[in-house]
Every structure is written in C-alpha cells, then in structure tokens.
Amino acid sequence: MKVWLTMSSSGPTPPFTTLSISHPKESITHVELHRPEKRNAMNKAFWSEMVDCFNQISGDPDCRVVVVSGAGKIFTAGIDLMDMASDVLQPEGDDTARISWNMRKIITKYQETFTVIERTPTSSHILNHISLSYSGALHIVKCLSFMPSQEVDIGLAADVGTLQRLPKVIGSRSLVNELALTARRMYADEAKSSGLVSRVFADKEAMMAGALEMAGEIAGRSPVAVQGTKVNLIYSRDHSVAEGLDYMATWNMAMLQTQDVMKSAQASMEKKSPKTVAFSKL
Amino acid sequence: MKVWLTMSSSGPTPPFTTLSISHPKESITHVELHRPEKRNAMNKAFWSEMVDCFNQISGDPDCRVVVVSGAGKIFTAGIDLMDMASDVLQPEGDDTARISWNMRKIITKYQETFTVIERTPTSSHILNHISLSYSGALHIVKCLSFMPSQEVDIGLAADVGTLQRLPKVIGSRSLVNELALTARRMYADEAKSSGLVSRVFADKEAMMAGALEMAGEIAGRSPVAVQGTKVNLIYSRDHSVAEGLDYMATWNMAMLQTQDVMKSAQASMEKKSPKTVAFSKL
Amino acid sequence: MKVWLTMSSSGPTPPFTTLSISHPKESITHVELHRPEKRNAMNKAFWSEMVDCFNQISGDPDCRVVVVSGAGKIFTAGIDLMDMASDVLQPEGDDTARISWNMRKIITKYQETFTVIERTPTSSHILNHISLSYSGALHIVKCLSFMPSQEVDIGLAADVGTLQRLPKVIGSRSLVNELALTARRMYADEAKSSGLVSRVFADKEAMMAGALEMAGEIAGRSPVAVQGTKVNLIYSRDHSVAEGLDYMATWNMAMLQTQDVMKSAQASMEKKSPKTVAFSKL
Amino acid sequence: MKVWLTMSSSGPTPPFTTLSISHPKESITHVELHRPEKRNAMNKAFWSEMVDCFNQISGDPDCRVVVVSGAGKIFTAGIDLMDMASDVLQPEGDDTARISWNMRKIITKYQETFTVIERTPTSSHILNHISLSYSGALHIVKCLSFMPSQEVDIGLAADVGTLQRLPKVIGSRSLVNELALTARRMYADEAKSSGLVSRVFADKEAMMAGALEMAGEIAGRSPVAVQGTKVNLIYSRDHSVAEGLDYMATWNMAMLQTQDVMKSAQASMEKKSPKTVAFSKL
Amino acid sequence: MKVWLTMSSSGPTPPFTTLSISHPKESITHVELHRPEKRNAMNKAFWSEMVDCFNQISGDPDCRVVVVSGAGKIFTAGIDLMDMASDVLQPEGDDTARISWNMRKIITKYQETFTVIERTPTSSHILNHISLSYSGALHIVKCLSFMPSQEVDIGLAADVGTLQRLPKVIGSRSLVNELALTARRMYADEAKSSGLVSRVFADKEAMMAGALEMAGEIAGRSPVAVQGTKVNLIYSRDHSVAEGLDYMATWNMAMLQTQDVMKSAQASMEKKSPKTVAFSKL
Amino acid sequence: MKVWLTMSSSGPTPPFTTLSISHPKESITHVELHRPEKRNAMNKAFWSEMVDCFNQISGDPDCRVVVVSGAGKIFTAGIDLMDMASDVLQPEGDDTARISWNMRKIITKYQETFTVIERTPTSSHILNHISLSYSGALHIVKCLSFMPSQEVDIGLAADVGTLQRLPKVIGSRSLVNELALTARRMYADEAKSSGLVSRVFADKEAMMAGALEMAGEIAGRSPVAVQGTKVNLIYSRDHSVAEGLDYMATWNMAMLQTQDVMKSAQASMEKKSPKTVAFSKL
C-alpha cells in the first residue's frame, strides 16, 4: 500500500539521527521516532532534534497536521538510560547546588521536547503503539508497556511531563494515582475505556491508515479554525472558564474576520462538505 | 399526559420570541428553545432573551430548578448563520481594529447567553436531544449531530463556550481533542460512556419525564443546600482544592446556621425522607 | 488468614478512641476508622485524631504506605450529627457574626481531617466499602450509599472536601452534578465505570487482600520516587501544565541525585525486578 | 470660566436622581455625584444609577474619557447608612442563611457600582476631593476624611472594593494596613507621597481645570490605543507577567492593523503632535 | 513610665525560652523576642515557640491586637547560624535526595514561624528597630542592618519569607531588587520613603509608646470589622480584584449581620467616637 | 578613566550589528545597545540579537552580572518604526485572520527580547539614561522622555512588556495609569521618588561607575545565592505568598547543600567581608 510505504521509512532524515520525516499526504507531516534497534529510546540527540523539528514545522505554512509515531513495534522504550548516564548518573562536580543547577537545565531541556508539540500551532497527533498520550488525540494498536512504569522502576520520575499531563488527559484520578504509583502495565482495552486514547486498532497498519484518515479530515478544514481550536483548547485546560471565554473573545475578534467563514457558510448553504472548500494557507 | 402537554408548548411565551416558559411542577421552570421550524437555531433575539430569562429566574424565589430543552426533534442546530450574517459576515467599517472592537462586544454578548445559566443560583439542567452539555447534568434521547461540528465546519470556532467547558465536562482529553478538531458526530452511546451525559433515554417523552423526576428530587431538598452546592461546584471547577475548601468554609459559616439543618436532622432521625420536609423559599 | 486478622482489630489503639492502627506488613500502616457500632460516623474525637495520626505518620520514616479503611460493613456513615449537635445545631451566643466566626473555625478543623492525608508525603489509600475517594486510589466491595447524600439530605453541604475533590476525581461533570445535587446512591459498577474507583472486589476480604498487595508493590519501590510522585501529582492537579513542569524540574534537580537511580538502573540492566532492590528509608 | 460653569451642575440629570451628567468638552463626559446636601452619601438609587450610567457610556462611541467627581466640598461621605438601614440593619426574615443569601446579593450589587467603571472600556478618572482612588488616576484638593474610616468606624467593612483595590493602588503595604485597620484620616501630602494620588491641587477649581486638561490629552489620542491600554493595564494587575504578555500579543494581533498606527507614524515623522491627528471613533 | 516597664520584660515567659509575653493594655498582647545577649538571633527553640505562641493567641478571645518587638537594641540579628549548624551545615546522611527531603521539612518549619502571624486572625504588628516588615504596619527607631543582607552574605537565601513578602510590601521593584541582590543596609529615612515602614520614631521608647497607642486604636474598634479586614487584606494580596470582591461578599453576607453595625451606626449618629462603644469579644 | 573607555565601545561586536559586548570587570558583562546615530532605536536585527546575546550569557559560567545600557545620550528611542514598517504598517496578504496570525508571531518575538533578560539566571541590570525599568535595578542620569509615550503617540501600544511590567515596578497605580494613558514625560526626580529607579546620578559617567560598582558587589557574592534570589524574586512577583514559600523551600532543599554556606558562615564568624571569599562558578 502506497501510504504505508511512505510512512515506513528506511532510516532517519538528515540532519536528524533519531527522526524520520515524511509527507504522506498534502499538508500532513509524519514524524517518526526512528531508532527501532533501540526501541526508539530517547537519547541526547533526540531531545534536541524534536525541538528543532517542531520549530521547523511551526514555520512551515504547508503543514497543517503532524502525525507522530515510532518505527517498529513500539512507540518508545522511554529514556535511554545508557545515553543519559554521564549527565544524570555521574554528574560532574562535587558541590550539590552546582550539580542541581546543571541538572535543572537538563530536565528543563528534556521537558521542552514534548512541550514544543503543544506550542506548535499545527495540530499534532501522537500515535502510540505502546501508549501514552501527551496532549493530542491518539490511537493504539496494542499496549505492551506503560511508559511511566520505566520511570518509577528506576527510581526516577525524571518526568518529562507525564505527571503533569496525565491527570488532565484521563478523567479518573483513582486510575492516574494507581498507574503513577505502581507503574503497572496498561493494555489497550483499559486505555480506551479510561479515555487515555480515543480509538484502538487491530494492528499497526490499521492504526497508520486510521491516523492518516483523521489527519486528512483535519487538514481539509479551515486552518484558521483548526489552529485557533488547538490554541484555545490548551489555554482552557490551564485556566478557569471565565478566563478561557475572555481569551476566546479576544482571539476571535480578529479571527472571525477571515474569509474562511464566508466560504464555509456558503458551502454549508449549498449542502457541500467543508472539504470541498479550498482554504488558503495560514 | 398532563406533564407532557405542559412542557410541549404551542409557541413562544411573550415577550420572548424564541423561548417558551412553563411551570410543569411546583418550584420547577421549563425553558424551551422554541423555533422548531429553524431547528431552534440561535438567532440575535435568542442571545438577549436567554439573559433576560435567566435574570428573571435568578430573582424568582419560587423557582428552585430550571430544565432547558428544545422544541421538536433537536436541541438546537447551533448559531443561526443567516441571522448573524450582517454582524459577523459583513461587519460595518473598514478599520480592522474598530471591526475587531465591535466583534469582541458581540462575542462577549453571545458568551453571556450560556454563562448566565451558571451564574443563576438556581439549579439548571440542559436536556439535549442532540448533545452538548454546557454545565449541568443532562439527558439524551439520541444524538443526531454534535454541536461543535457546525462551528468548525464553517471555519468559525466562534465559540460561545464549547472549547472552554467541554474539557471540564468530559474526562478524556483525547476524545475532546478529536471531537473539537474533526467535528465528527457523536452518538448517544459514546456520549454516555464518555461521561458527556449522565443518562440516556429511549425517546424524547421518556427524557422529559426523567428530567422532571430528577428536577423534582432536587426541588424537594433544602434550597440552601442545593444552591450552595451549585455555587461551590462551579467555584471548585476553576480553583485549586485549597482555595475551594477556604471558600466553602467561608460560605458555610453563614449557611450552616439555617433552620434547614435542624429540620433535616430531625427527619433523618425519624427515618423520614428529606422530601417530606417543608423548606422555606430562599 | 494472618493478614486479615492483623487488619481486623479488636478495638481502637490508645490514645485514639476512633482509630485502630496496625502494621500488617513492613513499611505499611493500616488506619482503620473504628466505631463499627456507629457505622464509623465521624464524631468530634475523630476530627482531631485523624490529624494527630497522620502527623505521626508523616514523621515516621518506617512507614511508606498508609491504607485507610473502616471497621465493619461500611467505611463511614458520614458526620455524626448527634455528636456535632452542640457545635453546629445549637451554637452558643446570639450575634450572627460571632457564631459565624466560630463556625468557620470548626469547619476549617473538619476539613483539615482529610487534607492532612494529602499533605502527608506518605502514599495513602482510602479503602471505601461504601464509596468516596478523597484523593487516593481506592477499592470497593459494594456500594451501599453515597456519602454526599447524607450531607445534602440534612440540608447541610457542610462539606469537608467532597465538592472540592469529587470534580477532580471523576471525569464526567454531568455525573458529578447529578450526584451532588440529587444525593442519589451509587453502586460498585458505576463507581468503577465512572472512574471514581479503580478496582472493585467481590467482598471485603478480597478488597483488603488486594489493597495490601498494591500497598506492597508501592512500598517496594524507591521512596524517593514514590513520595516525589505523590507531591507532584497533587501539585499538578491544582496548577497549569507549565507550572507543574517548572515545579517538577526544581524538585528533581535535587531528587535525581539519589543513589536510588543508580540502584534501579543496575537492576533494570540485570533484568531484575525493582522489588529486589533494597532502598534506604526516606 | 465657562468650563467650570459647565461642570458645576445645578442638579441631577434625569432620569438620574443622584448623578449629574455633562459634556464639558468634545469626547469627555463628566459624571458628578450630586447629593451635596447629603455630602454625596451613596444611597440605594446611587448604586443602580452608576451602573446604568456607565453602561450607557460604554455604548457611546462619542465618549472617550469620563471624569468622576462630587458636587460640593467632598467627593462622598460614603455609604448612606440611613438609606441602607432597612436592607442591612434590619433585614427581613429569621433564617440566618436566607438573610445571608439576600445580603450577598445586595453586596454584590453595591460592588458592581465601582467595578463597572473598570469594565467600561472608556478611560475613567475619579476626582476625589477627599481621597480614595478606586482605579484611575485622580487628583486632590484637600483631604478631609479618608473613606475607609467610615466603614471600620461603623463596624462594617461592607466594602465595595476598598480592601481589594487599595493594596494594588498604594505600593506600601505597611501604610495600607495602618489605614485599613485604624481608619485614620489621610491628608493631601501623604496621599501624594504614598502614590495614592498622582497630583495635588490648591483648590477644587484648579483640580477641575487640571482634570479636564488631562482628559483632553487622553481624548486627543487614538482611541484604539487608549482603550487597549486600559484593558491591558487592568488585565496585567490581576495576572502574571507571562499571562499579560500573551494576552497583549493576542489583543494587538488585531489592533495593530488599525489605520491609526499609520496616521500616528506619519505625524511623528512630520514632527507633528499626535493631537493634530483626527482619529475615528471607536 | 508604667507601660514601658510592662513592655520591657526581665526574661522569657515560661514555658518559652526565647519569647517574653505580656499584656500592656486590655486586649493587647506584647510578644517580645527575648535573647538580647544574642541580639535575638532566631535559634531552633524560637521557630517552634513562635508557632505555639501564635496558636495560643489565635484561640484567645481576649486578645485583639498583638505587638511584636525585640528586647534590647535590635529586633533580631537573623538566623542563629551556630544553632542551626547541625541541621543545615552538617546534615546527616550521604544521599542527596534524603538530605534534601529533610532540609525541605526544616525550611518549611522555619517559614511557618512567620506565616503563623498572618494566619492568626488577630491584628498583628511587628516593631522592627532594625527594619523588616513581614506583613503588618511597623515602626522604626533606627536601622542598623537590613535583615536580608545576612542571608545573602552567608550564601544562603534560606529565606523564611523575605523574597516572597518584600516585593508585596515595598512598591518599588527596583529597590527590592537592589536590596535583595546587594544586601546593602537601609536606614530609617529610606525605609519610610520607600514605604517599607509607615512611621519612624526618634528612639525605642517613643516607638513602643506609639505602637501601644496604635494598638489601642485598633483594639477599641469592632473585632468583627478588624479581623475581617485582616483576613480580606491578606486574601486580596494574593488574588485578583474580582476574586477578592467575590470573597468579600461571601464573607460579609454573614458578618454584616453583627450587632456591631447597629452599635456603630448609633454611635455615629450620636456623634460619638467608635471607641466609646463596648464591642463583645469575638 | 579606564572603566569608561572599556564601556564606551567604538562599534557593535560581530556578529551583532546592534549590540556591543564587553567585559569591564571579572564576571561582569556589559551589553550596550549600539546604534547611537539612530538613538538606539530597536530595529529588526535588535530583536533577534538580544535573544541570541542573552542565550549565550545564560550558558556562560564566567558571567555573573550583566549591565545593559545604550550608546550615546539616550538608552533607546523605542521601536524603529521605519524598520518595522514592512512588517507592521504594510503586512502582506488580504485576509485579516492570516495577517493577525503573522502579526502575533512578530509581537511574540519582540516580547521575547525583554523576557529573555528575566529568564537568564544571571543577575541583569538595565541602565536607562532615559528611563524605563523592565525588571532589574536601574540607574538614571537624566530623563529626557518616557518610553511608553512613543508607543501611545503612534497609536500603537505594540507593547513589548511595558504595560505588563510597569505596574509591578512602580507602586502607585495612579501614576502608572497617568503615564500609560497620557504618555507624558517623566524626569529623574519623579522616577526616583516613584520608585521606578533606585538611584539617580549626575551624569552618564557617574552612572556607569555606579553601575559597575554595584555589579561588582553582586559579582563578589555566592552565585548560588544571587541566582537563587533572582529566580525566586521573579517567581514571587507572579505568585501568591504561599506559592512563593513552597517554591523557595523546594529550591533551597538542594541549594542550601552548597559549600558556599559553610564558606560564608566561616567568613562571617571571622568578621571578614563575603567579598574576600572565593566562590566557584555556577
């Protein structure tokens, strides 16, 4: 199948060494974690490359949706401890405060890797064949292991955002606590019923096809509306309803002046699908 | 059935042109969006009338519970684009800032339409036979279309509160993102399992009966307790637990002095239902 | 079964009169509400004893996990109205402000009873055989009654934290509203499907065994990681994602320097379970 | 002096009974508290009239600046206790909770009287010949009494906003505490040196002239810039710097597209005063 | 002078070893830091005793105002390094995370020492003869050294609240930054002009007399009004204006029902000073 | 004078075109806005270069203090309108939403220019010979014009942070409002008395000497303490006191373990100045 071939890259895309970038469809970018021999474990290069990659995507008006997945059978084995060892296990220096100062810089840099996905105005979707949703809608083939487990298992909780985002992704606090404290595995059924993921697929091929279809749905809509939706959904998560409404009103006082409203209204009256409308790039 | 007749009005209640107001039971007010021929689409008159209507309800000590539903088959088709066209599609003037300033006033006014439901101390329940819960408990017959879809379809995200409230109504962030970005339809089963609605009924008649029954349950309790619960639930949604506790303590230092506590305690000891107690109006 | 005997105490542990404290396993403390003849209703002594008890636990490096349950068939019947009557039903004095001032002190003291569970760094788990999760993971045998009901029934909403915490424990706002306003009972199935509890057991014995097993899982991990997880999960609940990340980075700049990271990493490389590692007390 | 005559009205402006409204200069509205025989004490009519008055001003594109002062020698003697007596001193009913519920509605209504000044996008300035700045710049002739004193003196602290705004108007917390707790009088010198007021005048006539001059300065500038400044200054007071910057960027993405920028830039290059530019109404 | 003798104690008041407690006037408590031979440096005993002392004061209805000062020439030399050495300079253990965990408990305990002053509903005033205002109004004889200097000088910034409260006590951010970063001394004139203190006295005797006079002013007023003012001033400092107003309305819905309002109003109408009114204890 | 020569550069430091970087003393970096012929107006290059410059400084352990000033007679004339014209005055495209989207990116980038000064852990000081303090302590020769005036004059309020930071730098809200709304000039005396600046000098040479002296004071102290002070002062500005205290405790649980505490304590006991201690780089 063509799409599948497009999405299953043969290696990283230079200058990246851990990411493979492709464009399976118009307006859609596919970012694949690509160190399958290491189960896509996140090494030092990865932290920087994700930020660089998403900064490029942020500035690319041709990209409306990003799909993130992992090469091979699992999304990621988590932090690459071997690679991190010199930074975290054997930090330089002998003054605790100075080691701490440096450690905080490293953690902040690691956190940035996933925060950049939120900050990018482009709609982004993480396809976990293992499991964790950081912020976007996501799809699952089968759950092999639950990511936070690695972190608690090694006494770490280095946390690049799990403890901060998980409670805002899953509704059940009881379940969040249990997962975070016991680091037990979670399988596809529970991931779906708990709301961690919004769809489950039979295998990876089906998942990739489903992801592209959904990405196509989104890419076909007005980019003014889609990006505004992303910005305001994230804003609302972190603010009161009153603050979210005020921000939305201020946002839309400009954005509602777009020609896309007229185009959409016209299509709607003519009973045409919004996908038949040609929206300009953002 | 008498109740049903009462609730199925033959037309708007003057001076309203889009709302039909009735009192199906003691202490219960029924507000029905009443433009069935337009599928209750929200036009200019509607925005003002909802605010006027709820301001009256706020000042009415005889009303303890409000039920909101739509006349005919669906709750509302969403914003009435034809009616809004002159305001939003063809705004007057040629200076972007001045158009924006005016647009912000309009959006703020539209938002007020639903915020007023929250601000009213009276317990309020929206009965969607299509779908969206803005804030209260709600019931569903069957889902025909998902409201936000209209908004994204027309490139709009005008948003009168969906993006702000939906993430605080549904626990699953993945699902919220998917719904908001793809504007796909959602049916009764998913609405129930996702927690968007708390009950599903077989048809509208059953829904109205169920709604009245629940409204009766609430209307029979101490209005001091019920209104205090509403105020504090909304406060808690937008504040930390510590702030919510502080507010509750300050609220109850007065409210616990009500005679309703004694009346309820007495009923409880006599093994009587609280519904047998006659509580004064608030 | 030995464990069961250990956990089923014959009476309160002096100096407590409402709590029975035991140590069913290494590093695990069991706090049992112990007034079974009063269905563990919370009386004046209880409010103080819970705070004293958890303050002791906070200072006990040998305790890594606390399990909270109720003696007999139910967790608690709620506030002991008879006992509270003199404080709340017939307060002294005739000046409303002075009564209010005093009432606020009492409410704040009552709230502290449950807040202390959160503030204790030790991982804490409430086992409800009726139902309500205040903050931790919890397990259910069968639901007889839903605690908030008592409060609304007596016109009270005294609220020692339910309205503040429930909306952050259950994802569905519709359900939270319905439960809080109607005070209807909720049974085990709905408690599980709504995410209020993370597991349901067939009977109390199974629940206690399951709770101890989970407590054992947690007690076997690095206490640095477990306590850090608890502190940061609670912090995240009440802050934006950005604030949670900043706090986590500041927390971990010190905590990642623990020897537990190295110990865990080594076990991980040797394919050993983290439970085989001996972690020092905190 | 013509201006002075214009501003010293002979009586309230119908339908108002406590306010006199005039237009001393183009784009400037003068709102005068007008019950000089009662030292402009705030009675029941006043609370409603201020809100009505500012709602009208908000919708009046011809008004760019509002000046608020008091007829006669002082700004206001504070709350009119005689008039409030039936509401506050002898409330109806005998259930504390129900009296409290009603009292809260009254207080909220009173607070609205001053909040409406902030919410009005029009730049507003309170001229106190006694003293208190609620939000805007203000000017002083001589301080006879300090307003909060009345409130503490009568054991009240009813507070229509003093305790909330004063600490954000005066930099010195020590002084705020002393004033609020002792209710001592404050004179012009201290009001100026403490930053409560930004200018002091020799007498009322000079103050009115100075106020009109400053109002003229503001009215001559771009209303897009002036109103944006007011909205964002108030937003910044209540938010972190990061949030204020985000809001400003979202505000200005529309507002910077105004033609006023070009007009102002041109005037600036031609070394003309911005006051020579004719800016359209907002 | 009698008052002076009363306030200049000959030694600590048992069971305290660092505090001398006296009652120079009705309803006024004087808490004196009493280790003059160590320039009132804050040792381990002090941290606990302050908390115990203020907890007692909180529960004492006879105390309406607290005055805090230091025995001898200066208020306090700051943290007693010698006494803290074993805790902070040579902490036990060799795991950084465990030392950090313990260190955080100590810091939190030290912070509590000053936070307790804010939490006590009783109006509290710190008399610094050196300088720093933690929260209340304060008075200065002469400034010998500025407290934060000690902290930066020893590379510490242990900070028991200076960096958190100073920016909210002094209006000028430039000055706060300069003081905090250079740790330079500040003298009485600058302390007064910058708003750090609200009054300056010629010598300690004058300061104590002035403090008692102000305390007497406050103690003579309605305790309902005074304590409500303190609670709401502190609330306002940490919240937006809108939140502060909401809290005030909820507070006063109960508190305005006090008989003190009527008593005060009557005195006001009879042109009597509020000090002539006998207000009941809180 | 040597220092002066060092600080008065002859041109920009490559690769910068608008900034001149020098190191007048050990551990001190001097960043000079260097387009004196344009009165250091901020052009496009400037926005990027400031961010690059401070990012470098953030990673430079040899730099402990940064001094920022302007070449020639004034600090900066503000935004370089000529240079910005193509971006802001004549933006590309004809869809308002798309122009707005792009405009927001530009504004955010401009804001970053000053936010980066705050984010840099290094202590930073802006020397304005005109006037505005963005965040640090600052010094003034004489005030020629007040920066915000430019912005309001051109109908802009583009605002790169003035409206957000000014109210948190100056205590008097009245003055802030007057300055922001009238854009009037402010001179050295008022800048000092209002707290906008903490010191005033007779001429630029004295200012530069004074700045270097203060920078030297700070550079001589423990960098652990100084950087911790900066981070926590900025955190406190934007959070409640309780949150600030919690953050400080978490910060210092690591930072108090520094050897600098012992070194400083020893110096203090030996009555030596902290400047005689050799502290390691951070």
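Chains here go by letter, A, B, C, D, E and F, matching the order in which they are written, and residues are numbered from 1 within each.
Methods note: a residue touches a chain if its C-beta (ideal position, glycine included) is under 8 Å from a C-beta of that chain, and two chains touch if they have at least 3 such contacts.
This structure is a prediction, so every number in the text was calculated from the model and none was measured.
Asks: Starting from the defined contact criterion, work out which chains touch chain B and chain F both, please.
Replies: A chain counts here if it touches both chain B and chain F, which gives A, C, D, E.
Asks: I want to compare two interfaces, B-D and C-F. Which one has more contacting C-beta pairs?
Replies: B-D
Asks: Using Cα averages as centroids, what's the distance between chain A and chain E in whole Å?
Replies: From the centre of chain A to the centre of chain E is 49 Å.
Asks: Could you grab the centroid distance between chain C and chain E? Build each centroid from C-alpha atoms only and quote it in angstrom.
Replies: Here chain C and chain E have centroids separated by 35 Å.
Asks: Just the number, please: Cα centre separation of chain E and chain F in whole Å.
Replies: Chain centroid spacing, chain E to chain F, equals 33 Å.
Asks: Residues of chain F touching 2+ other chains?
Replies: 96, 100-101, 168, 170-172, 193-195, 224, 237, 250, 253-258, 260
Asks: Can you tell me which positions in chain F touch chain D when the two form their complex?
Replies: 81, 85, 88-89, 91, 96, 99-101, 103-104, 107-108, 111, 115, 118, 151-159, 161, 163-165, 167-168, 170-178, 180-184, 193-195, 237-239
Asks: Sort out for me which residues of chain A touch chain B in the complex.
Replies: 123, 133, 135-138, 168-172, 193-199, 214, 217-218, 221-222, 224-226, 228-230, 232-233, 236-237, 240-242, 244-245, 248-250, 252-258, 260-265, 268-269, 274, 279
Asks: Please name which positions on chain A make contact with chain F in the complex.
Replies: Touch residues, chain A against chain F: 95-98, 100-101, 224, 227, 254-260, 280-282.
Asks: For chain B, which residues are in contact with chain E within the complex?
Replies: Of all residues in chain B, those touching chain E are 247, 250-251, 253-254, 257.
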